[in-house]
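Order of writing sets the chain letters: A, B, C and D. Residues in each chain are counted from 1.
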Amino acid sequence: MLSNLQFDEQTLSQRLMNHRREFHRYPEAAWREFFTTSRIASHLEHFGYSLHFSDEIIKRSSIMGRNEVLVAEAQERAISWGADITYLAHMDGITGIGAELDTGKPGPVIALRFDIDAVEVMESEEDAHRPRFLGFASLATGIAHACGHDAHASIGLGVAEVLAKNKHLLKGKIKLLFQPAEEGCRAGKAIAESGWLDDVDYFFAAHIGMNVPSGTLVCDPQHFLCSSKFDLHFMGKPAHAGIEPNAGQNALAAACTAVNQMLAIPRHRDGMTRINVGQMHAGDGRNVIPASAVLLGETRGENRALNSYMFQQVENIAQAAAMMHGVNVKLCAQGEAIGLENDPELVELLECVGPESGFTEVVREKDFGASEDAGYLFDRVQSRGGKAIYCLVGSDLTAGHHNGDFDIDESRMLPAVKLLLNAVNALQQSPLIEEPSNKSQ
Amino acid sequence: MLSNLQFDEQTLSQRLMNHRREFHRYPEAAWREFFTTSRIASHLEHFGYSLHFSDEIIKRSSIMGRNEVLVAEAQERAISWGADITYLAHMDGITGIGAELDTGKPGPVIALRFDIDAVEVMESEEDAHRPRFLGFASLATGIAHACGHDAHASIGLGVAEVLAKNKHLLKGKIKLLFQPAEEGCRAGKAIAESGWLDDVDYFFAAHIGMNVPSGTLVCDPQHFLCSSKFDLHFMGKPAHAGIEPNAGQNALAAACTAVNQMLAIPRHRDGMTRINVGQMHAGDGRNVIPASAVLLGETRGENRALNSYMFQQVENIAQAAAMMHGVNVKLCAQGEAIGLENDPELVELLECVGPESGFTEVVREKDFGASEDAGYLFDRVQSRGGKAIYCLVGSDLTAGHHNGDFDIDESRMLPAVKLLLNAVNALQQSPLIEEPSNKSQ
Amino acid sequence: MLSNLQFDEQTLSQRLMNHRREFHRYPEAAWREFFTTSRIASHLEHFGYSLHFSDEIIKRSSIMGRNEVLVAEAQERAISWGADITYLAHMDGITGIGAELDTGKPGPVIALRFDIDAVEVMESEEDAHRPRFLGFASLATGIAHACGHDAHASIGLGVAEVLAKNKHLLKGKIKLLFQPAEEGCRAGKAIAESGWLDDVDYFFAAHIGMNVPSGTLVCDPQHFLCSSKFDLHFMGKPAHAGIEPNAGQNALAAACTAVNQMLAIPRHRDGMTRINVGQMHAGDGRNVIPASAVLLGETRGENRALNSYMFQQVENIAQAAAMMHGVNVKLCAQGEAIGLENDPELVELLECVGPESGFTEVVREKDFGASEDAGYLFDRVQSRGGKAIYCLVGSDLTAGHHNGDFDIDESRMLPAVKLLLNAVNALQQSPLIEEPSNKSQ
Amino acid sequence: MLSNLQFDEQTLSQRLMNHRREFHRYPEAAWREFFTTSRIASHLEHFGYSLHFSDEIIKRSSIMGRNEVLVAEAQERAISWGADITYLAHMDGITGIGAELDTGKPGPVIALRFDIDAVEVMESEEDAHRPRFLGFASLATGIAHACGHDAHASIGLGVAEVLAKNKHLLKGKIKLLFQPAEEGCRAGKAIAESGWLDDVDYFFAAHIGMNVPSGTLVCDPQHFLCSSKFDLHFMGKPAHAGIEPNAGQNALAAACTAVNQMLAIPRHRDGMTRINVGQMHAGDGRNVIPASAVLLGETRGENRALNSYMFQQVENIAQAAAMMHGVNVKLCAQGEAIGLENDPELVELLECVGPESGFTEVVREKDFGASEDAGYLFDRVQSRGGKAIYCLVGSDLTAGHHNGDFDIDESRMLPAVKLLLNAVNALQQSPLIEEPSNKSQ
């Protein structure tokens, strides 16, 4: 089937590597991908896609885990790195980009999603670390592409280029989502609620690495955890701890009470749950009743109901702890993952096109065991009758994800591109959904 | 002055001893003084007093620390001991008695208060313990007059008899209050709120013993502590702790949270505060989420504001702890003491009549350091323009108050009676309040 | 195969019913089965078994959850019910009995275990409750055979009788264990450690009911939970809470700290864990720093390692909570279940003989989801090369286990007896273990 | 008496102002007074004093609350401000200076102590703030002489100058202690333990302001609180909170447990106690079991025993909380105040010389109600037979101590100098201690 879409593998492979090394050198963490977005936009515009920014693809009021100060700093740096001012204006502070290729012919709407953010990790300074050895190591201290999203963005550009060049062979519409802030599951909900994916018939997402070796494709990973990330801000009243200890409202004490109780949320009959408070920062003196405290926490559950059970307990405990100490509390959602399940038809499709895309081993199931921000996107597409799939593209790694020594096998980007192209091509030839839904008209 | 009131000291002294030994033999704890009340009523009626029972002297809805089951048992026992059924009917379940002697002549309203309840203490079974040796030891296992209220009731009957016999020499009204449930500070508030003391111009109360030796009178004891006694009942929902731990509402956990936080109520700038949880009883299985828990606690404060501060924190913590664990909570007041301060005119009066009443030493101040249920009665009288006093009548003791070996020096009852008679007489001769208040008209 | 063992089904069935109703009428809770043991001993001696009591079958120092006061009371009551004094002497305070039938011929040692204790549950007083309607309801208030162990003991006597009568047809040895204190998993460890089962080649145990309907046999129930039951005794020092709050050592506070932390033991990666504190009883005054507190708790785990993880945390938390409040703590084991796994050969054996024993449906697996004291017995037998099995004998129930309305379908005792006889017979004919182990020589 | 010591008031007054404004402009916080020490040393050397630095006056191992990073930064800054390198070398990293004037004649050893550190407070930037208006506002952002120690150091230099110029009129020795790190009570113990004050017969210290108005001298302030400042470092083990929650050692949870229990340290019979945890900082991720936590706290007590009671509880709770959560804990003392009591002979001396020193009102007692680092110095001197006094020199203030708007009445420095000179002079004329102790020989 692949014969339909024309491209030169050698050239493409080289281009993927170039893209990836540039993204790797200029890593930007969640909600701060200004340079990255600007670079992607430039390529996509050149390929002929129509571009969608900011409120078109992201509902501002549903954004989670975005720090204005860090965002402003990142924008400055992006400019210093040479980001295109025009695109920055389009972004209006909100990173990420949606690209559309309308063939003008009736046919399905096929969306492909690529996440583009780096993580806050210090990249290895060992000479043996390949990005350093070859000169494309991170230029931003404390930020690195240690999760492989530099490869994802590159794969997206590869797919974008081939599809655009073969536009005359395609039907319907192609939508490419270069998603910001996947880390911490902070953007998925806001993107879903923007409605930009509402007309999608088929939705594709993939992750490189994830303990899958080079050459292997996992078509149907299992157990995407549900999770809620949150900050709790307790606000009390200071008082001199020696002179009038009764006059304060102790935010630190309220936070401690909340921690002790959150860690004691009862286990649940129906399966695995988790709770963690990863940080507390409270007070700013020694002899003053501390008037402020912030907790950074997260809940998890084997399914959405279990995570909801945990999160509702957190909300209740926070309220009660605040009441107990006469302080106020504000809960700020910082991220949310709701799990996802692949549509079996697309699983079969990938099993079918995997071998011809350069994978030597095609596996059906493997435990994912982590959270993915794609859950909200799946939910939006599937609840409107579309079909969605998330697969794992094997790559030998030099270290685990989020580790400073992390590096991928760059040669595994090409098979990923071919897999997605083959899947798109197959859907063009013989749609899974017999009667195209009226939404894609 | 005493010459005005006629009585034979020898006879009176013998009678006081007889009364005291009878009360000692039939001790009844708080709110259960049915036999005691019945015996007192019989004497008072014989002396010619008009009697007031139940709702006339006690506001039922303000009663604290009364256990219906124990009350019912006590009533049965009082009957078996020979309590007068007619008086029991008047009591209608509420012990204590108010007696009035109206001279028919204009003059002040003078009230004297005597508390009559025993304590839940096992009386010594040593032969050397005088009540046992002389055959008037407690007939009720686990209850004893180990605080001296048997003497108080006897002193009250002595005063009653002399005043009644000298009625023709008196002016105004005499009111005698034989108070139930002083222990635990459970009745004072309900008596005050009945309004029976609202017309009182002068109010007298006394305590025997209290580490004051025989022969000494303390006219103005200091530092009556404020205190609130309370029970907290947490009510949750049981669930099998193994099968569905999430389904319960853990009352024991809520109670533990409440305890931890109550013990951590901040100290107060303005002085001494106290908190204690003396008991917890929770749950009734091993593998069931415990659905009930009860705490017995108390707060104290150097003054009323400090005790209120503590008690309000308790209330808030209890509510918040219940909310935190999804259970209900009920706070039941079990007693309350609000402190008291003597009027200086009456202190001077006692200093004046003390020596002629049989006290070899008359002292002004001494630390009281405990709680007294008379506080509410003082508050009621003083806030309406009346004057009040609480004094300590010395008595060598064989052991501390509330100890099973406790016994008093019976010979010290007579000076107490003479002191009160002399005080009444002095007020009759030259009232402290020049213009009798219109309430005593 | 059954034809080998001769007995009259009609007569046996009637006898089973008589036994069961007598046991039901005289229920005795864990470690208090004096009347029950005496009655069983009498029958077994009559059948010709040699009897083993007390230290012969139970290692005293490993006993858990035995209350001397309750045991003494129970012994008194057993005598009043007519227990045989001679057997009581043999028991020497320790209930339960081991019976042996030695054929004198070489052959396997086959053991069958029947648990005999009742539970502390108030039996229904409804007329519709069959034991009440038919006149064999519990004579001991608050104790009832609400778990079916009356049926187990009866089945044991039925098996005992038939085997004894057919002794000439048997080889090797038969050992019958009438186990006390199965409830709370309190006796298994002590029996195992006595060594009485050390020579056993085949070990059988069964439970009636367990949500399996009449007519069904479950040959290989799954998921026997591991569990530890414990009491924690905190011992501090009293002090007057108002006068010298600093002088006490607060056992109640230590207990509350321990509870809060035990409920917060972190979840475990490897699977299901549970913690519960079912009861707390602390203090005995209101204004005294509470000097004693007792907690009743339990841990559970999906396997032995998980339960150990939980229990070690409990031990550590208890020690630390005591240290924190300057009190002492003693942890008393009250029961322990360690899980069990059937040997597949015996599962197959039961699947084979089930249909011919009167079961209309023979099922392999079903979730057990609770704890069983047989785990220690399995461990002892299997670790010495023996094989063991635990099966479920279906019976329609009128209410769940441990419910006051619980009653069994008495007609299901006969199939249970036949199943066990058929299994014994089959093993006699063709032993699973080709070369009889030298221990059974 | 003053006539003995010759100086020109006008000139001295001007010089005091110049000194004070220079110190005010270059404020340095505790243990960082490099520029300040260098400037004082330069003056003292010029006056003819022998100088003592570093280990001569401070026992290094007893230093509390010193942060090496901040010290190093401060030293850099002092150099940039022009501090004398030679003196810095003498200091060897430890600020403060001891100066000695030996008359060569027999006589008492008289010590005077002046504290020199600034506080970490942002000075007011209002134009109306006099130091800003007159151009001597703090040059160090976030640090200011908002407690008056700039005046103390200046008074010390004034006293030093006059005494040196009148050396021929003096007997015995004069010791001047320019103390670092009084704030937080961090240096007193280390100075005392250096032994530099061991031969002192008379010790003087004073504080300006303290809510005493200009013109008033308080000779015997009361109630110097005892206090311990401490940091608690909990060190655990990180683990992925989702993947293996059981594998971590939760330092944050341990810290929360410690906080809850420290706030619940029982009140003490003997008087006022305080506890505060002013800050907590724990963890550095969201989904990681937090492996570190630090608490900043303090205890207080009305006397040394009460503060010890509190602090020992803190130590015990910290250990137990660490044990409970399987983490380590380190307690770092950050400061300690032990209270002080004036010798009555010196109180009378000040009452005597106060009026002639320029004070219009001389008061005996006033509540101090705070902590003072002089306590350890008093203890050292008094326990060796010396006498010590701490007085308050009134000054109208523009805002409270440690407030950014704080400013003193500069004209009040002269009376302070005169008071100390007069006191020294009086002791020279007629020593309080008849026979000079052999230590001052």
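In this section, contacts are C-beta pairs under 8 Å (C-beta built on N, C-alpha and C of every residue); 3 or more make two chains touch, one makes a residue touch a chain.
Keep in mind the model is a prediction, meaning the values are calculated, not measured.
> Which chain pair is joined by more contacting C-beta pairs, B-C or A-C?
Answer by contact count: B-C.
> Test of understanding: which option in B-D, A-D or A-B shares over half of the contact pairs of C-D, residue numbers taken as the match?
The C-D interface is reproduced by A-B.
> Measuring from the mean C-alpha position of chain A to the mean C-alpha position of chain B, what distance in angstrom results?
71
> Need the CA-centroid distance for the pair chain B / chain C, whole Å please.
The separation of the two C-alpha centroids amounts to 55 Å.
> Which positions in chain A touch two or more other chains at once?
243, 245, 250, 253, 257, 260-261, 263-264, 266-267, 274, 289
> For the complex, give me every residue of chain C touching chain A.
260-261, 263-264, 266-267, 272-274
> Would you tell me which residues of chain A are touching chain D in their complex?
Against chain D, chain A makes touches at 184, 225, 227, 229, 241-243, 245, 250, 252-253, 255-257, 259-260, 263, 274-290, 293, 296-298, 300, 334, 369-371.
> Could you please specify the touching residues of chain A with respect to chain B in the complex?
243-248, 250, 253, 257, 261, 264, 266-270, 289, 309, 316-317, 319-321, 323-324, 326
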